[in-house]
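Structures are listed in the sections that come next.
Heads up, the next two complexes both have chain A, just with different partners, chain B and then chain C.
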Partner chain A sequence: MRAVRSLLWLAVVGGYAVLPWLAPSLTYQLTIVLALGLAALAVSLMLQAGLISFGHALFYAAGAYAAAYLGRLTGAHVVITLLLSSLSAALLALIAGLLIVRYRGIFFAMLNLALSMVAYTLLLKLYNVTGGSDGLVVSATGVAGYAMGPTGLADLLFYLALAAAVLAAWFVRVYLRSPAGWALGAIQDREIRVEYLGVSARRVLLVAYVLSGGLAGLGGAIAGIAVGHVAPDSAYWTTSAGFVVMAVLGGGGDVFGAFAGAALYEMLSVFAAQYLSSSWELLLGVIIFVIVRFAPSGLWGFYDGLWRRMAAGER
Partner chain B sequence: MSAPLLEARGVDLHFGGVQAAKDVNLQIFPGEFFFIIGQNGAGKSTFLNICTGYLKPQRGEILFQGRPITGLAPRAITRAGIARAFQHPQLFMQRSVRDNLRFAVAAHGTGFWRPWRALDDPHFDAPARRLLQLCDLERVAAQPAAKVAEGFRKLLDVALALALEPTLLLLDEPTSGVSSADKHGIMTTLAQALRKERVTAVFVEHDMEVVRRFADRVGVWANGQILISGPPEAVLDDPHVREFVL
Partner chain C sequence: MTAIAGPLLSATINGVTYGATLFLVAVGLSLIFGVLRVLNVAHGSFYALGAFTAASAWLLISALGWPPLCIYPALVISALVVGVAVGPVVERGLLRWTFGIEAEAARENAQLLATYAIFLMLEDAQKLIWGGQPYYSGSALRLLGITRINGIPYTNYQLLLILVAVLVLIALRILLRGTKMGKFVLAVAEDPEVSSAMGIPVARIYTVAFTVGAILAALGGALASPTIGVNTGIGSEMIVLSFAVVAIAGLGQIEGAAVAALVIGVGHSIAVFFFPALSSVIPYATMLLVLVFKPYGLFAAAQVRRI
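Now for the complex of A and B:
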């Protein structure tokens, strides 16, 4: 049964990889799903410790703005831009995390939100540096010295985003099975026992927070390059709330849940907007209600439950 | 006589008008089982909380192996070699007994920060198996901590502390909430495990039968002070202790 599930995942990743060939017009949207999935994965990582962040758009925006600057400095080399943008967001998470990981519950959520709104205001007001409400152009023209046309670059970015998403999902999965990753759930359960086992809960959370910031930043950089532009809205609190919705829709039980949540969210925002005009959030609200009511562990939990029932049936 | 492992010197702590510790002077020696007894509110658990860094005394100091540890964070005191078990076991309730122990082993040893080393790696699993055997927890190893009986939870709480290979273990009422039929069995398992691991232990205990059977020395607490301490026969049969404490 385990082998079948692994093969199924390979088929899903393989199927996703050939979609741009079958429907080239979807390449942009498929890339954005991966970018949002990385940000949702970042939020989902902190949810393992029971900590909900309404401010991860800060790191998403940091990644996108870093891509805008680094694109110029690195001669628009996509791979280097993505890596350095992610590292920049991780560095910002390290600085913010030194303060934020001291707090739990609603204080953690609100402090994240506050910092992201401070960043949003700075992005708006520091016009000479950030372009103000106009934002910045994010330019990327190729890789390893080869300039590419818009279509080639879109394909390249898609496959880079897919590789980054697979690598990130694999790494987070491995990390969550290690003691430092397992400690996140332990902190949610009994922080006092974690401390009395000689482990610093703050350090465990800081490492997770930096990783989380790096993932969100990577997502932001991918989205920035795909769009070719970044604006202060990327740091606004509603962007953060979107990541939380994706993480909840997908379910925190496994890393793939974040990507499933991002795919559903993006599908709704794109396709439902065609038919429901500006009220697609109505449909989103109904779907959130249905999932919370009937599948509280999200899409992943629903899928996992099906496999468990099948495995139990076999026995 | 050997040098004391733990020493309290003139420790004072009050919460508003309540004196929780009043000029507490005590020495705990290597290898002994020291039992703290006294009525509820006498300051027994407060003393353990002071020794493990949960509370900071307003006056006096605590020395461990001759070094002051007063006011250090619980984590630092744990790292120094003092572990504790709680009156209400502090366990990772949704996880299996085995995973609880693997995590405690990982917390103490090397490899905690290596992401490629999973919690079920033999590096963590082998010592966890030894602790399961030592504390008689093998039959419930696969069950979530939330699903096992209170007696097993008490043993698991101690096993988590033993995973840290402590020099001194402080146990707050390790048999409370357990049926009187199971008490002696649990204490026998604990005592054997502690002796085998060569761990010095300080117990807070209410059951005088348990104290009489397992204590090397007893200290009687009242109003945050030590009234009397000494061998269990001498202390427990003292008329003053019998009248005011027991």
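Now for the complex of A and C:
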């Protein structure tokens, strides 16, 4: 059964990898799904500890703006830009995290919100540095100084994003099964008992927060390069809320849930923008409500339940 | 008047009027949190619905050829209609199930997500009903004439806003401390289980408190509608501003919300005069500073950590 499940994942990733061959016009959308999935993964990592962040757009925007600056400063090639942007977002998360990991529940949500809104207004107002509401152009060249055409770069970016997503998912999975990852889940259940075990809850949360910031930043950098542009809206609170929605849609249970949630969210928004131009938020609101109300474990919970039932049937 | 004191005075007056609207919305949010323990993300939508309804009322009054002064009672009626129509439906129909969730973290998260879903639905409902174009009812602003303070003209309407906010603050205080219903509300805010055991109809108090909170948000929107362009997006902006006020004051604080709204309003206006580029950072930066040093807000007592 385990082998079947692993093979299935291989098939999903392989199938995703050949999609741009079958439908080249979808390459951009498929890259964006991966970028959003990384941000949703970042949010669902904090959800493991029972903490909702209404401010992760801060790190997403930080990654995208870092990519814009790196492209301008060095004309850096895309791999280095992605790595450095993710690192800058992680560094920002380290600084913010020193403060934020002291808070739980609503206060954690609100402090994240406050930080991201400060960043949003600064991005909007410091016109000379950030381009104000016009935002910045994000440019990236190919690998090792080898210039590529726009379609070549789009393809390269897609496969880089896919590789990054698979690596990130694998890493988070390993992390969640490590002692630090178990402690993270235990903080949600009974933080005080975690402390009695001699584990510093704040340190556990800080590690998770920095990892989470780096993941969101990586997503932001990928999206920034794919769009070729970044604007302050990427730091607005509704962007953060979107990530929370993706994480919840997918279900916080496992790393692939975040990507499934991002794919569903993006599919809904593209579909609804085409057919229901003015009421896509209404549809999304209803779907979120139904999931929170009737299926709190999300898509992943549904999928996992299916497998459990099949495994039970085998025995 | 010295060169600094003049602008400072007029910034303060502008700030107080801005703070008055902010207070009305934030005190509703604080009331709902204080009683139901729900951080209502959809609160900004109640504000927006109040503003849109008031703008429509102004169009209706103009179309019917009624005397323009009818707009003032119409603003208040718009707020009441929105609050009474939306509040109970949202609380009874969409939020009641979350109160049964035992684990505190799971309950808070479900409520954040459910109210966010309601926010999304109400945002689109506004677009469907009122379309995408902004509404201006600025002429309602000038009906009451202007007052010159230190040579700078202020519409009397702005000054009236301050009066309304003060009246609401006093009325809330009297209603909460002086009436039986108010004492019920305070008791439920303190401990719903014990209140229920004492025979207080907790479920009904929840609905009443939520509806009053929604009316206050809609009142803020209705009263602000002549001073702004009523457009989609005003709700999502107002919700974060009122979060800031409530976080600074401390969740559930009513008089504190008034002080925090004044601080943000005046701070914002002074920044508009002296560092215009940074004025919109003020509310969030203040919120951040307060949360760092006093995580439960300026006026709330720190909670003992429950094991």
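Here, the second predicted complex is superposed on the first by the 311 of 315 C-alpha atoms of A that agree within 3 Å, B and C clash if a C-alpha of one lies under 4 Å from a C-alpha of the other, contacts with A are read in each partner's own complex, and residues count from 1 in each chain.
Just so it is clear, contacts are C-beta pairs under 8 Å (C-beta built on N, C-alpha and C of every residue); 3 or more make two chains touch, one makes a residue touch a chain.
Computed from a prediction, not measured in an experiment: that's the story for all the values here.
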item	value
First, second, both or neither for A:Ala183, with chain B first and chain C second	first
Contacts of A:Ala241 with chain B and chain C, given as first, second, both or neither	second
Chain B versus chain C as contact partner of A:Ile192, first or second or both or neither	both
Contacts of A:Leu113 with chain B and chain C, given as first, second, both or neither	second
Partner chain in contact with A:Pro296 - chain B first, chain C second, else both or neither	second
Contacts of A:Asp134 with chain B and chain C, given as first, second, both or neither	neither
Per-residue touch tally on chain A - higher for chain B or for chain C	C
Set intersection of chain A contacts, chain C complex versus chain B complex	192
Chain A residues within the chain B interface of the complex	171, 174-175, 177-183, 185-186, 189-190, 192-200, 207
Residue numbers on chain B that touch chain A, as the complex places them	52, 73-75, 78-79, 83-84, 90-95, 99, 102-104, 106-108, 111-120, 124, 160-161, 163-164
Interfacial residue positions of chain A with respect to chain C in the complex	47, 50, 52, 54, 99, 102-107, 109-111, 113-115, 117-118, 121-122, 124-127, 188, 192, 237-238, 241, 244-245, 248, 278-282, 284-286, 288-289, 292-293, 296
Chain A-facing residues of chain C, complex	39, 41, 94, 97, 104-106, 108-110, 112-114, 116-121, 123-125, 127-128, 132, 236, 240, 243-244, 247, 251, 277-278, 280-281, 284-285, 287-288, 291-292, 295, 307
